[in-house]
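Both complexes below contain chain A, partnered by chain B and then by chain C.
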Partner chain A sequence: MKVTVNGTVLDLASGTSAIDAVFAAGFDVPYFCSQEYMSPIGACRMCLAKVGAPRKDRDGSWIVDDETGEPKIFHFPTMMATCTTAIMEGMVIDTLSQDVKDAQNGMVEFTLINHPLDCPVCDKGGACELQDRAYEYGTGRSRFAFDKRHQEKHHPLSDLITLDRERCIHCKRCVRYFEEVPGDEVLDFIDRGGHTYIGTLEDGLPSNFTGNITDICPVGALLDATSRFRGRNWEYDHTFTTSLDDASGSAIVVDARTGRIERVKSGLNPEVNKSWIDDGIRFGHEYVDHADRVRRPLLRKGERFETVSWDEAAAFIAERLRGLSGKDVGIAVRADATLEEGVAARALAEHLGTGQVDHAPRHGRTLVPVHGATLVDVATADAIIVLGDVSEELPALDLRIKDALKGVTPPPLLPHGVPIADLRLKERMPRASERLTVVAAYRVDLMRHAGHTVTVPVGGEATWLEAMTAVAHGERVDEAALAMSRADAEALIASWRDADKAVMILGGFVLASAAATAAADALGKAVGARQVRVPPMANGLGLEVTGVLPSHARYDYRHMLAGGARALLLSGLDPAQDPALAERLRGCELLVVHDMFMTATAEIAHVVLPAASGFEKDGTTLSLEGRYLPVRAAPVDGGEARDLTGVVKSLGEAFGQRLEGRSVRSARRVLRKQLGFEPSELDRLGLLQPLPKVRASVTVTTDEEATGEALRVPTMVRPEYLAYNPHLRAALGDPALRLHPDDAAERDLRTGDGVTVSVDGVPRRLRVVVSDAAPRGVPLVPATPDAPVGRAVVDLDALEVDRRALEVA
Partner chain B sequence: MSAMHQLPTVTPFFADKQQLLSEILGRYPDYGQRSALMPLLWEVQRAERHVSEARVAEIAEILGLHATEVKGAMSFYGTYHEHPVGRYHLQVCRTLSCALAGADEMADFLEDELDLVNGETDAEGRFSLQFVECLGSCGTAPVLQVNDTYFERVSRSRCRALVDAMRRDALPEPTRERGGDNEAADPAAAAEGGAT
Partner chain C sequence: MSVLDIAKGMGVTLSHLFKKPVTVRYPDEKVQIKARFRGRHHLLRHPDTGLEKCIGCSLCAAACPAYAIYVEAAENDPENPTSAGERYASIYEINMLRCIFCGFCEEACPTGAVVLGHEFELADFRYQDFVYGKEDMLVGVKGSKWQRREAAAKGQEVRVAFEAPGRPELEGVDY
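After this line comes the complex of A and B, so read on.
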């Protein structure tokens, strides 16, 4: 459609909003209420413009202006909010005339009537949309001589979000966000007119995605309580990087100041996380600056550790290794190491001549599906089968699934980026919940949004998938295994088969079991569904496809720990939480731990090397959909902490060798040859590439058959860092042991009780949460990198109560 | 992230009113069940003279909404109350016509007489005083609405008599005036009203 904006003629697709036409033409118009991924509602009236269009006569011809001979432009009688106005053929939009300027002045003045002038103490000062717009479009003076409206200045919406009700300008972004994005209207306007305020009846905003409202608030009303009063926007170094919290590849912005991370905000990656991140990523960064971090290399001298230089530590390790055969050395990295660190681990293993190199946690099966689906495929799918608890395991997927239920495909990008007002989005859109099937052994949050839910017994995923596959092939099957009638199962399978784009999402519970993964593959093949496999940690897929794997299945991480290695280098892993493994590791001739904290394994190590956190290293990560994304170092003071390339550099120097992974740069030379592109040139949006096939002989390992009636479940918040994340811990409490009400009642346990319980022989300190999400007899404990998602043995009768929660009389 | 706010357990309002409930829900199509929000709130308000948080949660449960959503809608309307209003809910119209005809004097009188200010309920739970906007009976200003009943052209003496009567729990027939909204509806009462 032809549109004229301030004299600039543009050709835009039908359905584009007038505000996007203005921006596409290179002009600016102020707005507060619109947000790229939410419905335009025209609440703030800031984007007013003079809009007109030609009109057709009854005979279908344009009404012509007699003077010019051109179609006559009929202007709307009043200014129009451009965000809710769709363009029309021949539309003329004027944003520069005096009338429009007067309207904008008026709206700025109106918006500022009750807005406090506390910008000097406001965290948003300097990055505030209202402040900017008031400078650009206001008159600079107010005629409002009366008292401003006074409301609560510090209202805790939750332990992590603070609301200043005086600063709120009622743009409704946060209210719409909760209804439109996570799909839970837990925030609303209360009262009416000038008294309106934002409020909730829900205790502490029950959602995994609450922090995003602090990003989208155009003023300083909604503030992230962990970063409040910590610094001014212009003092922060903004590092645009990728989160290594999970395998979503979510874009984040790390704001650091004087060597500390003060805030993590969401970055924009339209095909990955859009502009949303979960609360685990946003609030779970404080461990990086924790006082307990190991900041210098430590060398064991008898019972104590002595602080040494990297050179001394490396010399000690080289000396010890000299007395050992290379084959006796095991090297294992945690699965959120970067690809560059993976190269370093491989180079070190190659130099030592050992095949015992691995990453952990790792399922015994490949993470590369036969027909993979991207996150955009998920967001545009018309049938989704979720096996597991993705809302906790990989929360970005949860939001993309909810996008799919709305059925609005991602908008095409305009010259200025993502459209500001996508007119297809509406408030309270109907959700096609029948597109979503959720299968899990306990009640997961996504089930509330699903049209079909199946609760399987613990470890029952394989049986259910096999039964469904049998139905798909028209074979006889026991209805009990389907957990639904055969007719329902047939209808469900037909709906998957008829779908244009069916996507199956395999969580950790399926991937932990060879039988369940095989059954999922068979069902996927039978109904024509593509697959998403959720890696256990951020870069599990990347480390697999770049070959940070043992030379033979029998040299894998588990076998290293079980006695295959006499010397071990463990990066980020903490197997010694298990007393039996700790005993075995004490017998090692050399135990080197590369970690951020003094973990149980570090305590018994010979050498502890300080590790850089995911915010302090440069590198590359591969997200679950096969997108290579850059990880960039923020200016954080980690002492002498280094990533694994730094470890290999020191060791190489001690060996008198220049190893390939001795720096990020040298590791990238290897990656460039292996992957066919230059990792240092990746932009923020990353590079989506087809995944290479991996040799099954090394990725497939034989699992010990998992047993136990308890489940290690994924959690959005990483339990291993919770103790070092003071705000998050104060808000959420210790990692939760979720118990069915009957199980809790039998043992006289209440929500909040601190307990020590043995999970697969590893004592864990947990907090009881009585919840009917847990089936009877199935305690749910949080998974950790060293005890990933899967079945577990938990003996509730041997549980010790540490303390009772404070009782309110 | 955390469970719903714990509310004291009370008997659900609609527990013994299933027929009423299904009648109200039946007015709306399946996809528009949330529209039943207003009538449900109104049922509770009429019976209990307020809508407590427990009732908000109950209605949210019935309609499959979050309690916040119900509260948001409820708080928009002045007719729903968070705290119980008195048995006699006095609503004084103070919009233009009533204001010109002496609504402020009526309001002052009621404030002094009942020792209440706008928005308050007395300790006994007998009277609540609320200032409201136009009640749509400008021809017979000033107007005082007691619960659902209009008292028109309320003079000082009529107001005193009315308060006295309510103190004896004897709410009189409404004073009705020619030109008032009630005239056509009930001519007999209108004729009689003039003589009161």
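After this line comes the complex of A and C, so read on.
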């Protein structure tokens, strides 16, 4: 469609909004209420422009202006809000005339009538849309001589978000966001007219994605409580990086000041997280600046640790290793290490001559599906089968699934980026919930949005998948195994088969079991569904693909701990929470722990090396869809903390060797050869590459199927760091032991009771949450990197109620 | 240049011989300072409530061409506030070695909290002693860090060797 914006003629697709036409032509209009990926509603009336279009006569020909001979332009009688106006053939948009300027400046004056103008104390000051627009489009004066509206200035919407009701300009972005994006309607306008305010009837904001409203608020009404008054916007160093919190590869912006991370904001990656991140990523950064962090290498001297230099620590390790044969050494890295750190681990293993190198947590199965799906595939799928709790395991995936239910394909990018007003999006759109099937052993959050929900018994995924595959092949099955009638199952299978794009999402519960994974593959093949496999940690797929794996399945991490290694280098892992393993590890001739905190394993180690957090290292990560993404170091003061390449550099110097992977640059030389592209040249959007076939013999370990009637369930926040994240901890409480009301009543337990419970022999201090999400007899405990998602043995009868906690209460 | 010009010039010189000298026997005698002289900063308080005027907005630091100011803000305890409103400066530091006494901070301040006073006797020995914190600049503190140290050591009052007429912006500052 031909559109003329201030004399510039453009050819745009039908359905484009007028505001996008203006921006595409390189002009600007102010706006507060429109927001990328959300419905335009024309609430703020800021994007006014003079709009006109030619009209057709009854005979279908254009009405022609007699003077010029051109089609006559009929202007709308008033200024139009361009965000809610769709373009028409021959439309003429004027944003520069005096009339438009007067209208915009009148709107600025109106908007500022009740705005307190306390910019000097506002955390948004300097990055505020209202401030910028008032400066660009306002006259700088007000005729309003009366008292401004006075409302609550410090209203904690939750422990993580503070609302200043005076500053609110009623753009409705936050209200629409909750309904449209995560589908959790927890905020709304209350009262009318000038008294309107934002409020919630809930206790806090029960959603996993609340923090995004602080990004989209055009004024300083909604603010991140973790960064409240921590600095002004121009004082922060912005680092555009990728979150290593989960495997989504979500783009984030880390704002640091004077060596501290003050806040994490969402970055924009249209094909991955769009501009949304979950609260675990946004608010779970305070551990990085925690006072308890190990900041210098520690060397054991008798019962105590002594602070030493890196050189001394490396010399000690090299000396101890000299007395050991190479194959006695085990090296294990946590699966959120970067690819560069993986190269370093491999290089060290190669130098020592050991095949015992692994990453953990790792499922016994490969994370590379036969027919993989990307996040865009998920967002455009018309049949989605979710096995597990993706809302907690990989929240970005949860939002992409909800996109698919809306049935609106991702918008094509315009010259100015993501469309500001996508007219296909509406408030309260119908969701095609019948497209979504959620299968889990307990009630997961995504079930609220699913048309079909299946609750399987603990560990029953394999049986259910096999039964569905049998139905797909027309074989006889027991209806009990299907958890639905045969006719329903057949209808469901038919809907998957008929779908243009069916996607199956395998969570940790499936991948933890060989039988379930095989059954999922079979069902996927039978109905023609592509697969997304959720890695247990951020870079699990990357470390697998680049081969940070034992030389033989027998030499895996579990084997190392069980006695395969006499010397161990553990990066980020804490197996000694298990008293049996701690006893075993005490017998090691050398135990080196590379971690951020004094974990149980660090306490018994010979050497503790300070590790860099995911915000302090440069590197590359591979997200679950096979997208290589850059990880960039924010200016954070981590003391002498180094990543694994730094460890290998020190050790190499102590050995008198220049090992590959001694620096990020050196590791990237190896990666460039292996991957065929230059990792340092990756841009923020990353590089989506087909995944290589994996040596199946290496990734498949012969583990016996797990048992136990309890479940270790994924959580959005990282439980291992919760104690070091004061704001998140205040908001969410300590890691939860979720119990069915009957189970809790039997043992006289109430929500909030502190308990110590043995999970697979590992004592854990948890907080009881009575919840009917947990099935009867199935306690739910949070999974940790050292005890990933899967089945567990929890004896509720041997549970100890924390006396101290009770006394305090 | 004629002889007349030389004579004129000598005449000017001669006339000054009979005037009162402008030289002051500093520091025994006090220097008279003009009202607009810009010296060490003062952090002011609201005279009625005694609350600090500074709200920790960091605009002075943003305006500072020498990057001499560092501010960290915190939230007021509603029961026992430090400043009016929600926010106050928990750390307010000016590095007097970096400061060029341009007065931009004073111009940028939305509450008139930071005002350049008349003190210029800031000489000291160690770098860290040139970094003035809130405790060194809040209204009521007289003299530079060194002067106060000397006075404390000798058990005397802080003595500054200048006199200034003051100006209205320096609310509550008494020289």
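One rule holds in what follows: the second predicted complex is superposed on the first by the 802 of 809 C-alpha atoms of A that agree within 3 Å, B and C clash if a C-alpha of one lies under 4 Å from a C-alpha of the other, contacts with A are read in each partner's own complex, and residues count from 1 in each chain.
What we mean here is this: a contact is a pair of C-beta atoms (placed from the backbone, for glycine too) under 8 Å apart; a residue touches a chain by one contact, two chains touch by 3 or more.
What you are looking at is a predicted structure, and each value in this text was computed from that prediction instead of being measured.
Touch criterion met: A:F229 reaches chain C, while chain B stays clear of it. Once chain A of one complex is fitted onto chain A of the other, the partner contacts of A:I261 are absent, as it touches neither chain B nor chain C. Of the two partners chain B and chain C, more residues of chain A are touched by B. Look at A:L352: by the touch rule set out above, it reaches neither chain B nor chain C. With both structures placed on the common chain, the touch criterion links A:L163 to neither chain B nor chain C. Contact with chain B, but none with chain C, is seen for A:L187 once the two complexes are overlaid on the shared chain. Touch criterion met: A:S207 reaches chain B, while chain C stays clear of it. Look at A:D279: by the touch rule set out above, it reaches chain B but stays clear of chain C.
When the two structures are aligned on the shared chain, A:P120 is found in touch with chain C, with no touch to chain B.
With the contact threshold set out at the top, not one residue of chain A is in contact with chain B in one structure and with chain C in the other. Considering their complex, residues 118, 120-121, 125, 153-154, 228-232, 234-235 of chain A touch chain C. By the touch criterion given at the top, residues 55-59, 61-62, 72-75, 85-87, 110-111 of chain C touch chain A in their complex. Partner chain A is touched in their complex by these residues of chain B: 1-6, 31, 53, 56-57, 65-69, 71-72, 75-77.
Those residues of chain A whose C-beta lies close enough to touch chain B in the complex are 158, 184-192, 199-208, 210, 279, 430, 732, 771.
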